[in-house]
Structures are given as structure tokens and as C-alpha cells.
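Below, chain A partners chain B and then partners chain C, in two separate complexes.
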Partner chain A sequence: MAKEFKIEPLKVWDDFKKYREKYYRDYLEAKDNGGIRWAGSAWAFDAVPAGLGEDVYPLTGEPYGATVAFFKDFSLQALEAAERKGVARDLCGYLRNYWGSIILDKYVLADGTIVEGFPKPDFNYTIHICCTHAKWYHRAGELEGGIPTYAVDISVGPGYLLDDKKIDYVVRQLNDSIEWMEKVTGREYDDELLIKAVYAEADSMTTWAKICKLNQNVPAPLEEKSMFTLYALLVLHRADPRVAELYHKLYEETQDRVKRGIGAISNEQFRFLTDNPPPWAFLNIYRYMEREYGAVSLGSIYTFGLEGAWLGMDEKGERWIWEPAPTPEEAGVEITNREEALRWTAEYNLRYRPGWQHPYSHKIRKLETLQMIRDWKADALIMHINRGCELWALSELEVRDYLVKHGIPVATYESNMADPRDFDEARTWNVIDSFMESLGRKKLSKQ
Partner chain B sequence: MGKKMEELPQYKQFSEWIENRHDYAKKWKQNNGGKVVGYICTYVPEEIFYAAGVLPVRILGSHEPESITRPYLHDMYCPFCHDALAQGLEGRFDYLDGIMLAQSCLHMRQVFFTWEERCGVDWSYYMEFPHGVNNPHASEYLRSLLEKFKSAVEEWTGTTISNKELDEAIEIYNRNRELMRRVYELRKSDNPPITGLHAMEMVVSSQMVDKREHNEVLESLLEDLQDVEVDREIGTRLMIVGSEDDDREFFRMVEYEQNYPATFVFEEHCTGARYFWNDVKPEEDRLMAIAKRYVTRVPCPAKDWPTKTIQGRRRFNWIERWAKEYNVEGAIIMQQKFCDPHELDIPALRELFDKLGIPHLFLEFDITVPVGQFRTRVEAFLESIGEEDLFI
Partner chain C sequence: MAEAVEQKEYWRWPETIWVDESKNWHDAEVISCGIDLGSVSTQTVIMTDGELYAYSNLRTGSSSLDSTERALNAVLEKIGDMKREDIHYIVGTGYGRVSIPFANKTITEIACHGRGAVYIYGNTVRTILDMGGQDLKAIKVDSRGKVVNFLMNDKCAAGTGRGIEVMADLLSIPITEVGPLSLKVDEDPEPVSTTCVVFAKSEVLGLMRKGWPKEKILAAFFRAMASRVVELLERVGVEPDFAITGGISKNVGMVKRIEKMLGVKALEPKIDPQTAGAIGAALFGRALYIKSQKK
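Moving on, here comes the complex of A and B:
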């Protein structure tokens, strides 16, 4: 008889949901009170535009694209609108939902409400690491009638190979971007607000890593489907001190759950990890796994590493370390001016973001994934072969091969994080059922 | 009585080099005792290899159907990458002493890493070439990367690359670029002496052989081109724009095998003008001179995006200029399936051609070209361009 764990709803859940709802509405209504809107990748240096004032509201494209994908009917309209304008169907799924929204001139709020008129940003601000980011917002700006765009090139290689020249290259661009923002907004830049935001960003990202690490416990206090909601604030506005505060609340609550043995699911019998953004319109995969197999998804290099800050590769490039990266306070660093703030945010992001490390070699992603499986005591990995993101697809099959050679069971299913047309529900259930059967697991409903 | 281009020994030499690229590289090694390095993307600073006595050769596909890359490479990665990797997995480049990638698109990156791991190569180098070539700090940053790269090549080859050797390599490479530009220049005429197929063979072969030898052939070709007799109707003057494309079959079909006459007068891709158009402008700091050349060259769309001072696409300025200078009447946008950087530019590129009043046809190609299907589409396109004539 499998052990039953106590479960409890998260107390902070509603706070996270409310922040997200308010975020999309704030962006929409920013102009009512003379505020500034900017749009760009969730990987943009979120702290930098914060220096423009306290009424600056971002819209990050990937979570927006995921939100659209979640509302399948609207997503189909957006995807088809983009395709009618000559946009290739194999491009990033988020991008196509985002461009489609602009073309339809419709905006989706967190609860699925569709608002007429896609709110134009004052400027686009992004980073560029894959083939898409800068070109995404460049074209978005054109579709919006000429919104200026600034993209920071961060393609300087993995954190453990950073040197001063690489960091300088990014910091110079950040400095330029501040001048540029002043010019396009007509606002004077406030370094104190930047410094505050840089501290908040590191606080949010490191705290999230600490929360993820708690999922190494048995039973896992959190499961990945809920973590998608919880980690979302990092991709929305991690440099907002209110976001950092919410992560502290979540960290305390998760610690308390671990202490009291509260699980994410009551029947945890099988622990697995994933490795990619999920197909957002079909998150019921996770509930299916829980219900049918008592299987809990503990997270992924995506959920942990997209916005969490981790030590990552050791200096020799031989070992991946899943330990939270230090905040400025923990590192004993005091940030007192613009240069120090920009240098900190550049180096912290370049060095400690797993999502910015593993695109630079198969080896990094292999070590990262295998270490995750060991540290989180997982029984298997379920891999989403994601047609919607070529960056997350990089090295994926090589990692699969590596894990299998290390005796880790791996299942793969092909889909798309943001294009519901690419998801084959019946086939995916079949893959999962066959995989679990091959591991000797029987459906709980048939026992 | 002039000769036909196909009869010129220089043209035969280009074709022969392409057909027997592997034999050429093996013989070059034997004769010169040097190393041969393979590269996938044209952002590799070949001058530095050449200065160290290394022959850089481009890894291109063979346009044969394959299935051996599927366990390693995502299905949605471009056919060029699948085809290139297949060559490595099949051992066709087993003579390579090393491989190098100057950071370009994700697909080539994965090919590089998989090749490094599975195709058995003694030396490999991944350079984090700037993506943001339009930003003002890119040259200085690239210079710092070139310095490391130069040291790595010196260590690998056991040589020291002096300024003299760099100057010589720069001169040979610049000469090659200049000669190919001069050949392209002849295509501006009403009766261009060479077709797109000829031009493609010239440029592709330059990526496979010692530039010194290529220069010799180009020099004599330029002399003989004056006497070339054009025995075919030029028809519609076409420009090809797009991704990596070394598929000769398509060019042959358009220019030689259909009912409506047409001639490519310009190729804007990395086996065409994007590869050779810009020179290294000599300066005291040789590495900075090389860095500036690769940063300011006609950009691949993967690197062509906005920054503080540039909000448009630099590549489009070149396309517009070439379309006008070469009196282009129609454009074929040749898209390597799944090539994101190009796909991301295509809606804006179509708008550019609309603005220029140049009719355009979009074709998406794979490892092999569906010639029959494309023939129908190209013929319909050419017919639509000449539509007015039908009613005169």
C-alpha cells in the first residue's frame, strides 16, 4: 500500500494569481496615468528600464504568447492571422501568438478576456541569444507602425568561460540602452531606481532557486504544473521589489511544508522531471500523470533554470552545481552607482542563468540534466520535443541519448509549447502509458 | 568566333573542384603538408587560418536524401544542417584535421557540437562571434575573440602567425573578393556573359580550394570572358535572395530547361555575394581590420537587427542597391526550409520588393529540390512578369 501524504493548498497562491492579473491590466491601462510601456523578451534586462520611473510597465512576450496559447480559440485566430501575413509556421510559437495579436489588434488578459486594441509599447527592449528575440520585436515594432527597438547582444558564451571583455561588451550595450531610452521616452533616468531593481531582480531569482531546491524533498512540496504559475512572476517582472517579496513568502511557506511533510500530491509514488516549456494548452498531462500513476513532476531545467539563478558549471567546466547563486548581499557586494548596477546585472545573469549556459554545448546540458535527475531523486525524465522553440530543442536529442546511456529512463513526445495544432493528445497519452508500463507501473485506476 | 562559357577551362575547373572537393582537399594536404579545417558558416575568419598555413574548406551538403541525422538533430532544424551533418556522419570529411564555427544560427551550432562529438576530429573551435553586428561595440569585442582564436590556431599548428603572414592572407583573400566582384560586375550588362549557375560554381568552388589557386583561375577567366559568346536568350533578369543555397539543379532548371527565358544576374546568399562582397581594409592592427570586415560585411539575417543607431536592416540596403544596379526584373526568395533567421525577415523582404516594384516568388527548398513542381511555379512567375507583352 503506497504511503499517503498530507496535502494543503498553497496560501500564497492567490497572491501570485492576482499579481499576474494586475500585471496585464496595468500594462493595458498604463497610458491612462501617463505611464510608460515597454515590451520585450522575458529574458530582457528587466531592471534597466526601471530607472525610467515608478510608472513603467513591461509586457514580456514569451509569457504573453503562452497566455494566448492557453486560450486555444484565440490562439488559433492569432496563429492564422500571422500565417495570412506570410509568417512561417515553424517559427517560435510565442512569437506567432504575439504577432498574431498585433495583427488582430486584440489583447488578452490573464483571465482570457479579449480586449479590442493591442496596446502599443513606447519602445521594445530585449536581449538576443537565439535566432529570434531581436528580430521578433523588430518586426513587432514595424507591425505597430514604427515602435523603436533596442536589443542587447548577450551571445558571449557560458558563464564559466566569462571574462572581463565579454562582460564589458554587454555592459557597454546596457549603458547605450539607457541613453537610448532617455531619448525615445524623453525621460530622465534615475540610477537609484535602477539599483533598487537590480537588488530585487537578484533577490527574486535566487529565492526562486532556493524554492526549487526544496523540491528535492520527499514528498515534493510543489509540483510542476503549479510551479508554472509560481515561476511566472519571474518572467513577468522579476526586478519589481513586490515580486521579490512574494517569492520570500513562497519560500517561507514551502520550507514550512517540507518541515511538516506536506506534499504536492497525496499519492507520490513516482518522481519525474521534464526539460522544456510544456504545451501550454495541454497542461492536463501533468494531472493525468498524478491521477493515473501517482507521478509528480518535480520541475525541469526549464522551470528551475529559465529564471532561477544557480551556480551552474564549476570553474573547470566539469561539473554542474545545482546550488542557488548568491545575491549581492550574500556575495558581500554593495551597489552604489549605475556602472556597478549594470555590471552586477550583466554578470549575474550571464553567469548564473542556466538558460543562458546550456545553449553553448551539449556537454553543459547533459551534465546539468543528469545532475538534476540525481539531486531531485527522479525516477525518469519526460522530454517534450518542442516544435515551438528551437533554442530549447538545441542538444535535446543528444541529452536523451546521454541519459539513456546512464540508465535513466526517458520518454519523448513531440508537440509545440504554443501552437495547439501540433499537439496530438491521444498519441501523447499512449506514449506516457507505454512508458510507464515499460517501467512496471500500473494505472492506479486499474489496481 | 567566341567561346561558350561552358567550354572555358576555367569554368570546367570550378565545376571539377566542386565535384571532387574531397579529393582536392586530400591532395592539398599531401602537397602542402598543411592542415585542413572545415567550417559551416561564412563568419569564420578564414584569413587567420590561411596565415597559419591551414586550408579552410566549407562543409556543404550533398543533396542526397538521408536519415542518419534524425537521432541527433531536431526534425525542425534546417535541411542544410541535416545534410552537412550527414556528410560528417558518413565520413566524407574524414580528412579534416579540425572544425570551426564562428557563432551563427542555432542549427549550425548543434551541427558543430554533434560533429565534434560524433565525427572524430582532432581539433575544434567554437568562437562566440557577436550576434549584434550592428552595435557599435561589436568590432572591438570581436577583436578580443580573434586574439584568442589566433592563439588557439597557433597552438594547434605549432606556428606563430606574424603580421607578414596575416598581410599576405588578407591580400590573397581580398584579391579573391575583388576578382569575383569584377566577374559579377559583368553581369550588369544587357547581355551578361555568365549565368547564375556559372556564378554559383565560381563562388562555391572558392569556398573549397586554396584561394591562391582560385585567384589564378579567376584572373585568366576575366581575360577570356571578354570573348565569351552568349548563345542563349537572357530573358527575365532575376535576382535570388535568401538562405544558404548551393543547389545547382535549381539554377540549371530556371536558366536552361524551361519555356520562358530567364537569367540570374545576382545571388544574395552566403554561397553568393554575401560571402565575398566586402574586403578587409588594411590597418595597423590587423586583427581589428579583420574584425571590422566580418562585422560590417553584408550581414546574414541572423545578425541583422536593430540597435541604438540602426533601426532597419542593413542587408536590405544592399538588396535594394543590387536590385537597381543589376537592373533586376524579378526576385526569387529562396528559403531554406526551417531557417528561422531568413523566415523572420521574409514578410519585410516581400514588402521591400513590393516597394521597389519588383515581382517576387517565394520558394521553400529542402535537401533535394522538387524540380518539376518548381518548374511550374517559376514558369508561372515568369509568365506573370511578362504578362503585358502578351497583349501588345
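Moving on, here comes the complex of A and C:
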């Protein structure tokens, strides 16, 4: 008889949901009170526009694209609208949902409410690492009638090969972008707000890493489907001190769950990891795994590494270390002026973001994934072959083969994070059931 | 009013029903049945005490329920005096397995093909390629036919039965003849450049306009399809003995090219390899019935 674990709803759950709901509404209503809107990648240097004032509201494109994807009917309208404008179907799924919203001139709130009129930003502010990011907002700006756009090129290589010259290159761009923002908004930049945001950013990202690490415990205190909601604030506005505060609350609560043996699911019998952004419109995969196999998804290099800060590759580039990266306070660094703030945020992001490491080499991603499987005591990996993101699809199959060589069971299913038309439910269940059968796991509902 | 011109359906493959006349099913202690409801074809297998007794291999229609009823009724009719109630256990498998209401249990086709392949080819088989109507599976098994690893193709009809049906129709050659005809070339031409069936079809139309003979076109098509299948197999790793199941295992044009590219010969089947999934299901059915009687 499998062991039963105690479960409890998360106390902070509603706070996270409310923040996300308010975030999309704040962006919509920013102009009512004379605030500033900016839009850009969830990987943009979120702390930098914060220096423009306390009434500055971002809209990050990837989570917005995922929100649209979750509401399948609207997503279909947005995707088709983009395609009618000549956008190729194999481009980034988030991008197509985002552009489609602009073309339809409709905006989706977190609860699925569709609002007429897509709110235009005052400026677009993004980064550039893959072939999509800069062009995404360049074109969005055109579709919106000429919104100014700034993209910071961060493609300087992985963190363990970082040097002063590379950091200088990014810092120079960040300095330049501040002057540019002042020009396009007509506002005077406040360095104190920047410094506060840089501290908050590191606090949010490192605390998230500490939370993820707690999932190494048995039973896992959190499961990945819920973590998608919990990690979302990082991709929305991690440099907001209120976000950092919420992650502290979550960290305390998760530590308490571990101490009391509270599980994410009551019947944890099988632990697995995933690999990519999931097909957002079909998250019932996770509940199916829990219900039918007592299988808990512990996380992924995506959920942990998209916005979590981790030590990553060691100095020699031979080993991946899943330990939370230090905040300025933990590193004994005091940030007192703009230059120090920009230098900190540039280096911290370039060095410690897993999502900015593995696109450079399949070797990094192999070591990163294998180490995660070992550290989190996972039985297997279920890999989403994601047709919606070229960057995340990079190295997937090399990683799959590498893990299999190391004796790790891996299942693959094909879909798209943000285009519901690419998901085949029957085929996906077939892969999962066959995979679990091959591991000798029987459906709990049939026992 | 214009009259519709009757068109021959070259894609249609022959349906079959078979019964082992040398056996008397009344002598059997356990009668088990496996139904493999695939996207293109449905196989029903009846086993008596774990030995193949009868099967039907029919096309899947638009209704899963009607297709399974038809496939089961066809084989019972051929047997003559066996009724559905005489069957002790029915296991459903295949893409549409959840749509078989009278199945006692459903099991994935990957597990069933593994088990069925060992029955057909013997327990030395370690790598199975299942080439079905709409998907491909590379399966590694142990000596009992238990699946230890597998990979499925992505969502693409290349290398599958449906793709070959499209090509047979386009070239107006009966589907049973496309394989042998494709071998009637001195040397394989360059493969068609795309593996997507829809685009391969337009590429083939171009070759037809260029005046390529049909056997050369088929050789180019099957070479591309075989290459895609081999990619999948190599990713899972081919360990001898190697066997092929599913409907395309009967297409000599595909089989020969796969063997050549892999440098491995596939085992010769003693039983129709398209029935492997249903045989595996029936074997599981027997084991499950015996287990249920012990409780």
C-alpha cells in the first residue's frame, strides 16, 4: 500500500492570483492616472524602467502570450488574425498570440475577460538573445502605429565564460537605454528607484531558487502545475518589491510544509521532471499524471531556470550546480549608485539565469538536466517537444539521448506551448500511458 | 446533368479473415480476444489457450464502435458457432482503444505490439518497428516482450500507411503493388526532398510531369520514407533481432530499403504481422483472465 501524505492548500495562493489579476488591470488602466506603460520580454531588464517612477507598469509578452493560449477560443482568433497578416505559423507561439491581440485590438485579462482596445505602451523595452525577441517588439511597435523600441543585446555567451568586457558591453547599453527612456517619456530618471528595484529583482529570483530547491524533499511540497502560477510573478514584474515580499511569504510557507511533511499530492509514488514551457491550454496532463499514477511533476529547467537565479556551471564548465545564487546582501555587495546598480543587474542576470546559459551549448543543457534529475531525485523526465519556441526546442533531442544513455527514462510528446492547434490529446495520453506501462506503473484507477 | 465518373480506389488494401480449421475451439480452457482499433485498420484476434485461432483484418470506418463491432462479428461469423459470450476476456488496444465499450480492459498498443511481436517472431526479438496507418513506433523489448524503451514519430504521416495510400492513388497503382514495383529500378534515384506527404505529393506531381517512370518515382518516395523511419530507429538504437509489425511490414519496397539502410535483416514473419497488436492484446487478455480466476 502506497504511503498517504497530508496535503493542504497553499495559504499564499490567493495573493499570487490577485497580484497577477491586478497586474494586467494596472497596465490597462495606467493611463487613467497619468502612469507609464512599457512592454517587452519577460527577460527584459525589469529593474531598469523602474527608475522612471512609481507609476510605471510593464506588460511582458511571453506570459501575456501564454495567458492568451490558455483561453483557447480567443487564442485561435489571435493566431488566425496574425496568420491573415502573413505571419508564418512556425514563428514563436507567444509572439503570434501577442501580435494577434494587437491586430484584433483586443486585450485579455488574467480571468479571461476580453477588453476592446489593446493598450498601447509608451515604449517597448526588451532584450535580444534568440532570433525572435528584438524583432517581436520592433514589429509590435509598427503594428501599434510607431511605438519606440529599445532592445538590449545580451548574447555574450554563458555565465561561466563571462568577463568584464562582456559585462561592460551590456552595462553600456543599459546606460544608453536610460537616456533613451528619459527622451521618449520626458521623465527624469530616479536612481534610488533603480537601486530599490535591482535589490528586489535579485531578492525575487534567488528566493524562487530557494523555494524550488525545497522540492527536493519527499514528499515534494509543491507540484509544477501550481508552480506555473507561483513563478508567474517573476516573469511579470520581479523587480517590484511587493513581488519579492510575496516570494518570501511563499518560501516561509514551503519551509513549513517540508517541516510538517505536507505534500503537494497525497499519493506521491513517482517523481518526474519536465523540460520546456508546457502546452498552456492543456495543463490537465499534470492532473492526469497525479490522478492516474500518483506522479508528481517536481519542476523543470524551465520553471526553475527561466527566472530563478542559480550558480549554474562551475568555473571550468564541467559541472552544473543547482544552488541558489547570492543576492547583493548575501554577496556582501552594497549598491549605492546607478553604475553599481546596472553592473549588478547585468552580471547577476548574465551569470545566474539558467535560461541564458543553455541556449549556448547542448553540453550545458545536458549537464544541467542530468544534475536536476539527480538532485531532485526524479524517476524520469517527460519532455515536451515544443514546436512553439525555437530557443527552448534547441538541444531537446540531444538531451533526450544523453539522459537515456545515463539510464534515465525519457518520454517525449509533441505540441506547442502557445498554439492549441498543435496538441493531440489522444496521442499524448498514449505516449504517457505507454511510457508509464514500460516503467511497470499501473493506473491507480484500474487497481 | 453531368454524371460522376467512377474512380478506382487504388489505396484500398484487401481485408482478410482467417480461422485455423485444424483446431476445435470447444477444447480450449481460455478463449481470449484482442482488438486493435487503429486509425486505418482494425484487427480482431481470437486465441485459444494462448494460441492463435482466428483473426480479421478490416478497414476502420468513421465510427469506432461500428468498426470494432464489425471486426469482431466478422471473425465470429467465420468461426461459425462461437458467440461473444464464449470469449472469456477481451482487451482493446490501438489509437481508438477507449472506444471499445465491450473490452474488459484497454492496454496501449506499444505494450501489445511488444508482446505480439515476441509471439510472432520468437523471444530473440529485441527491436520492433511498428509501421501503422498513422504513426511509427520504434520499440525495444526484453525476452518476454515487455517494453523497455520506445519512441514515436512526430505528427507527420511520412513513412506511414496513410502516406502510402495517398501515393498509390496519385500514381493509380494498387497499393499491394507499389512496394514490388518500387524495386524494379537498377539503382534508387535521389529521394524526394520532403518527407511531408502533402508536399511529397506535389513533388511527385512534378516528377510525373518530367516524365519519370512510376517505378522510379516510387523508389524516390520509398527511399525518403525509409530514411525517415531509420532515423527514428537509430535514435532508439537497433539491437538484433529486429522485426517489423504493422501494415507496412507487408510493403517489400519499404522493408528492403530499411534493411539496406540499417544493415540489418528483419525477421521473416510466420503470421500476418499486421495482427501483432491484437495478438499481444489477446495474450494479455488470457493472462488477465487466469489472474482473475485465481482471486
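Definition applied: the second predicted complex is superposed on the first by the 447 of 447 C-alpha atoms of A that agree within 3 Å, B and C clash if a C-alpha of one lies under 4 Å from a C-alpha of the other, contacts with A are read in each partner's own complex, and residues count from 1 in each chain.
The working rule: a contact is a pair of C-beta atoms (placed from the backbone, for glycine too) under 8 Å apart; a residue touches a chain by one contact, two chains touch by 3 or more.
Note that the structure is predicted; figures quoted are calculated from it, not measured.
Of the two partner chains placed around the shared chain by superposition, neither chain B nor chain C is touched by A:192.
By the touch criterion stated above, A:155 is placed in contact with chain B alone, chain C being left untouched.
Applying the stated contact rule after C-alpha superposition, one finds that A:446 touches chain C and leaves chain B untouched. Of the two partner chains placed by the overlay, only chain B lies in contact with A:87; chain C stays clear of it. In the superposed model, A:438 lies in contact with chain C only, and not with chain B.
Once chain A of one complex is fitted onto chain A of the other, the partner contacts of A:394 are limited to chain B, with no touch recorded for chain C.
Looking at the superposition, the partner that touches the larger set of chain A residues, chain B or chain C, turns out to be B.
When the two complexes are overlaid on their common chain A, residue A:427 makes contact with chain C while staying clear of chain B. When the two complexes are overlaid on their common chain A, residue A:29 makes contact with neither chain B nor chain C.
By the touch criterion defined above, A:404 lies against chain C but remains apart from chain B after alignment on the C-alpha atoms of chain A.
With the contact threshold set out at the top, residues 385, 397, 401 of chain A are in contact with chain B in one structure and with chain C in the other.
Within the complex, the chain A residues that touch chain B are 85-88, 90-92, 128-132, 134-136, 138-139, 141-142, 148-153, 155-157, 165-166, 168-169, 172-173, 176-177, 179-180, 359-362, 385, 387, 390-391, 393-398, 401. Taken together, the chain C residues at the contact with chain A in this complex read 95, 105, 107-111, 135, 146-152, 154-155, 235.
Interface of chain A with chain C (complex): residues 385, 397, 401, 404, 409, 412, 414, 422, 424, 426-427, 430-431, 433-435, 437-438, 446. Partner chain A is touched in their complex by these residues of chain B: 71-77, 103, 105-107, 109-110, 113-114, 117, 126, 128-132, 135-138, 140-141, 144, 301-302, 305-308, 311, 337-338, 340-341, 343-348, 350, 362.
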